[in-house]
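By letter and in written order, the chains are A, B, C and D; residue numbering begins at 1 in each of them.
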Amino acid sequence: MSLLTLQNVSRRFGALTALNNISLTVEPGELRAVIGPNGAGKTTLFNLISGFFPPSDGSIMFDGEPIMAVNPAILVKKGIIRTFQITEIFLDLTVYENIRVAVEVAMGISLRPWINAATRAKVNARVEELMEIVKISHKADRVAGEMSHGDQRVVEVGIALSRHPKLLLLDEPTAGMGDEETNHMTDLIRSLNKTQNITILFIEHDMNIVFGVADRITVLDNGTMLAEGTAKEIADNPRVQAAYLGQAA
Amino acid sequence: MSNQNNFRGEIGRRGLIKAGAALGAASLLYPPKPSWGASESPIKIGMVDSTTGNFAVLGQSTIKGAQFAAAEINKKGGVLGRPLQVLVEDDAGSPGTGVDKASRLLDQSQVDFFTGTTNSAVSLSISQYAAAHGKLFVCSGGHVDKLTGPACNWATFRTCSTTWIMTSGNSGTLVKEFGKKWYFLTTDYAFGHSEQDDYTKQVTALGGTIVGGALVPVGTPDFSSYLIQARAAKPDVLCLLLAGDDQINAMKQITQFGINKDIHIAGALFELEQIAALPQAAHYGSWSFEWYWDQPNVPHVHDFAKRYAATYGGQYPSARSWFGYASIHAIALAAEAAKSTDSVKVAKAMEGLVLPPEVALQASAPVYRPEDHQLMLGMFPGTVKPAGKYPDVIKVDAYIPGATIAQTPEQAGCKMVYPS
Amino acid sequence: MVILFNAFNGLIQGAFYALMAVGLSLILGLNGVINFAHGGFMAMAAYFAYTLIPYVGFWGALLIAPILAGAVGYVVEQLIVRRLYLRDPLYSLLATFGLALIIQDLLRTIWGAQGVPLTIPDFLNQPLSDVYFFITGYRLFVVALAIISTIGLFAILRFTRLGIRIRAGNSDLETIAAVGVNIYLLRSANFVLGIMFAGLAGILAAGQIGLTPTMGDELIMPSFVAIVVGGVGSLLGSLVGGLIIGVASGVTAAVYPAATEVIIYVIMGIMLVARPRGLFGQEGLLE
Amino acid sequence: MSSQATEIKHDAAPLQKPAFQQRYAFICLAVALLTVPVWLPLLGGYTDLASRVLIFALAAMGLNLLLGFTGGLSFGHAAYFGLGAYGTGLMLANYTHSTLLAVAVGTMIGGLAATLLGPIAVRRRGIYFSMITIAIGQMFYFIAVRWNSFTGGEDGLTGFSRQPIHMPGFTISLHTTSFYYLVLVCFAVGSWILWTILNSPLGHVFVAIRENQKRLTFLGIRVDVYIAVSFAISGFVVALAGSLDALLDNFTSPDNLKYTLSGNLLIICVLGGMRNFWGPLVGAFIFVLVQDYISSITQNWMTVIGLVFVLSVIFFPLGAMGFFRRRSRS
């Protein structure tokens, strides 16, 4: 069974059609990139999947259940976690604190006005584990707002991981990063997919990353789906070359 | 006057328009100067009154009167050979602040006595505080009956009249001359309630009826809806029992609506300060004044008014000034008589104290009644001169000694108990 | 009859709230500041007028005093308010709260705590008829002015360059900044305009009630409520909001006097819960 | 900064200082507060003033849970302060001679009101949130002013006084000094509760709400529920302070419900530093002392207080504690 299935999904804002008749499926364990020029509807697609707003038409199924009119908080519990184009973390808190609050929320203890030593130890262990996974442990006590953009991105991924995502949506994870940071993020994405076995859907502009990492690629253009396939298929697709890669080159 | 006590409450309007430009940080942080020589420790009177808020003008007049009295006393050698010092704190018209300031005066400055208060609610709270802390409190300006009635205590004396004395100063005349149907616009706190109760009793006893009334919250800017209802009730007398700025707001609107043309406007308390704030067209109505600077045949009064006006840049003493003035003198006289600054002893000495003519400044000699500690001051029922110019704005019709119109102590309902 | 009179009187009163609300609303909309000092500026302009009337007459003062208040407003905006635009609304709220204290205190220091009479032209100061005695020429004048200024301001906002920018700024400050409008200048101009309206309202109020340093205190809250009920950013909203609370408190005064003041806050509370953008406001503004 | 930061213990969120230094400062504070009746008169102060500082500090710390740590700008917390005060006053005046019971009831009334009304306010954010809180506060103010027979109206509520506390074996008189210690105990309990909460998962979420509501929503949290919880807790603490304030003066009045008091509580938080746990204590110390001192030496005290508002907002938005913290970091 597919993890995520979109069938004939459209989204309109007044007279503007942001997405038109999109159908796609994502299989468990897949690492899927979504590409397309600006205004192609990539972020709208993410907003639909993560429950930011419902589709105007069509159906979205996750894990075999329809999720069109489900609010984001519930979707999070079902396992759809996202990051944002503009990094959304807790800027005045340290890295450790950022991830800790996410862990506590994920453990379902976030309404407790006190905490005992045993629970605290459990929380600590999980936070340390997540910081290891995203390789930020050495900066645990840095205030997030004072760190580089790339590090902040990593923190955001760490926060997202706290909820044990089945489907992780990453909106331009490497945007605005330097080479080293980009490599770090690319490695992270790959390892999350391969070693943590998390299905990932990511929006990306950097073609090197897209072709180097993604199992499959979905190409959007002007609200419609232009093509879908493996890196090689997409690279060879004349329509994609014409409409998108040609432009970029 | 010596200048040590006039650092506050000296806001003469004219003077300050002139001084306005020169006002800088210096005036904001004008520190209290030590008073008197270092040899004698002063007798301290803590004065809690309004220098800001709804009662600021009245409070400032009271403070000026008190400081004027203190200066007179100090010039003549003080009390018990010690200088008298008046320490002023602003209650901002709020009972809570008043109590805070009283506790500050007592704890920090160790005052010997309390005086002041314009807002009746503040008077009641200070009275309670003073009694609880064993200090004499001479209330200068809160009129509410129960202060020297059911809520009386050994520590509290009052210089200004009760609302009963004030209302009975003119209720008879008003009913006789203007009619039996009355409507009240009453300020919604202790003072107003007390006035309305008293008028109601007196007017009903004289065969009048109360055709309606409304309680108005303090600080109401617009009276139009109240006036519509008042006029609809078609009273003979529209009785204004408001305080502070509210009275001014109401009277301005009454004038604009022309209501004073067919309904007689009257009330008990109306102050010199308020008249000064009203446009000429709003100079009307019958009131029960508590003191007036122009009493042609009474000794000392004109002299006092002249000296006062000279001290305060042409400002004439109002009833409020006299309250402050008489209260300080009364404390000084009682302390001299008691040969002590112990509050209980001074309170005992103050019971039955008769104000001498140069302090009383009126045709009778008022006494602090021992049974309830209420000063038997006289009333000056009269009207506002329609064409009067400040300070000559009041036409006094009569002088009624307080003892003739006050409730008996039994009626007032005071049970005096001293601490054992 | 009394209820009807009160309802009608409430309309007049409401127009008055609306006039005060206009300036408040402008500043809230574009400057994003809840101006607690508005009442202070009202009283300030009224004192200016009181001082000017002997020299330039009532009408001259009505014209000049708001401009003087506006000038003070400009200084205040430059020195204080503009530093806070980029910060949490908490800061401008507290700054204007403190400013209100300072203005009130300075007014009292300069002109005295004692109220002063602000005289208005005699011909305005008369009831128009004996039955409808509460409709004086002056109050009608105030109502007319409230309507004219609302419409006039509406026209300014619709048809002049400044107005169009202010409106655009109300809905999206970043965008108009991006197209090269100097938003700081725009905000200054808007603030001054708002203060001038406060001044106008203050002078007119002082013609009807006593002129004291605390005059603005009790007037400011109802007009604040009028804005919220009518909808932030909408002038028509402020006018209608003013009328609604005017009538509501007028009728309540006749039916259940004890609730006269509470009623407008109840209305505001209900409105904020049920329709937070108010009657005519935009969704999500300032949120 | 970095050398300090490495010493930070993970579980000491609100105070970002080394633990030993924290403990040292805390002990100094505790000793200073415990010995107030001894040293304060030597400096020309008086004990009731210290009680007032602690009462306002407690109220501001309660408010600061919502304001500084959860990021909710309530301009109506005077309502809960006043309800606490009226609840306690009315209990003592009419129903009981037990001071502690009266305090408990006052705190419950104010706190429950915040619990019930918070959910209404938290439906909106930003300036609208502030406006709803003002509206609610003003409603209570006018009810207190108008409901004369019950509340004493404009005159305020009198006719009650704090009664000695009878314990098995001994009695606490609650005169000036012993009342100060009662206030101190309440302050200690209140700040311990707040501290515990801030170091719990719940408190972590509060701070996270202040930082980024969107992120939390997409972690699966209903943010408004948490703000309402913060509102309620803060209401209980503020009500406790209000209840003590009624006992301090044996009096309460509608002023304790008015928006001006809300403004004062806010400025206390800002003065001391909203982001700092002890900031409101410092702020209350400054504000109450300045107000007490200035209003006695000049008639123009309003200008001074007004300047305190304006200047601190412009130049010290982080407050005294924030100022020192920033300096010590750089």
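A few points about this structure:
In the analysis below, a residue touches a chain if its C-beta (ideal position, glycine included) is under 8 Å from a C-beta of that chain, and two chains touch if they have at least 3 such contacts.
Keep in mind that what you see is a predicted model, and the values were worked out from it rather than measured.
With respect to subunit C, maximal separation of chain centres occurs for A (centres as means of Cα atoms). Per-chain Cα centroids separate subunit B from subunit D by 37 Å.
Our note on geometry: subunit A versus subunit B, Cα centroid distance of 75 Å, whole angstroms. Mean C-alpha positions place subunit A and subunit D at a centre distance of 42 Å. For subunit B, the set of residues that touch two or more other chains comprises 11, 27, 51-52, 215, 217. Among the residues of subunit D, those in touch with two or more other chains are 142, 145-146, 299-303.
Pairs of chains that satisfy the touch definition comprise A-D, B-C, B-D, C-D. Within the complex formed with subunit C, the subunit D residues making contact are 67, 73, 75, 120, 123-128, 130-132, 135-136, 138-139, 142-143, 145-147, 263, 266-267, 270, 299-303, 305-310, 313-314, 317.
Per the touch definition, subunit D reaches subunit B in the complex via residues 44-49, 52, 142, 145-146, 148, 153-156, 158, 161, 176, 249-253, 255-256, 292, 295-304. The residues of subunit A lying in touch with subunit D in their complex are 50, 72-77, 81-82, 84, 88-94, 96-97, 100-102, 104-106, 109-115, 120, 123-124, 140-143, 159, 162-163. Those residues of subunit C that touch subunit D in the shared complex are 28, 32, 34, 36, 80, 83-84, 87-95, 97-106, 109, 221, 225, 228, 258-259, 261-262, 265-266, 268-269, 272-273, 276, 286-287. For subunit B in complex with subunit D, the touching residues are 8-9, 11, 27-32, 51-52, 89-90, 94-97, 99-101, 103-104, 107-108, 120-121, 124-125, 128-129, 132, 188-190, 193, 215, 217-218.
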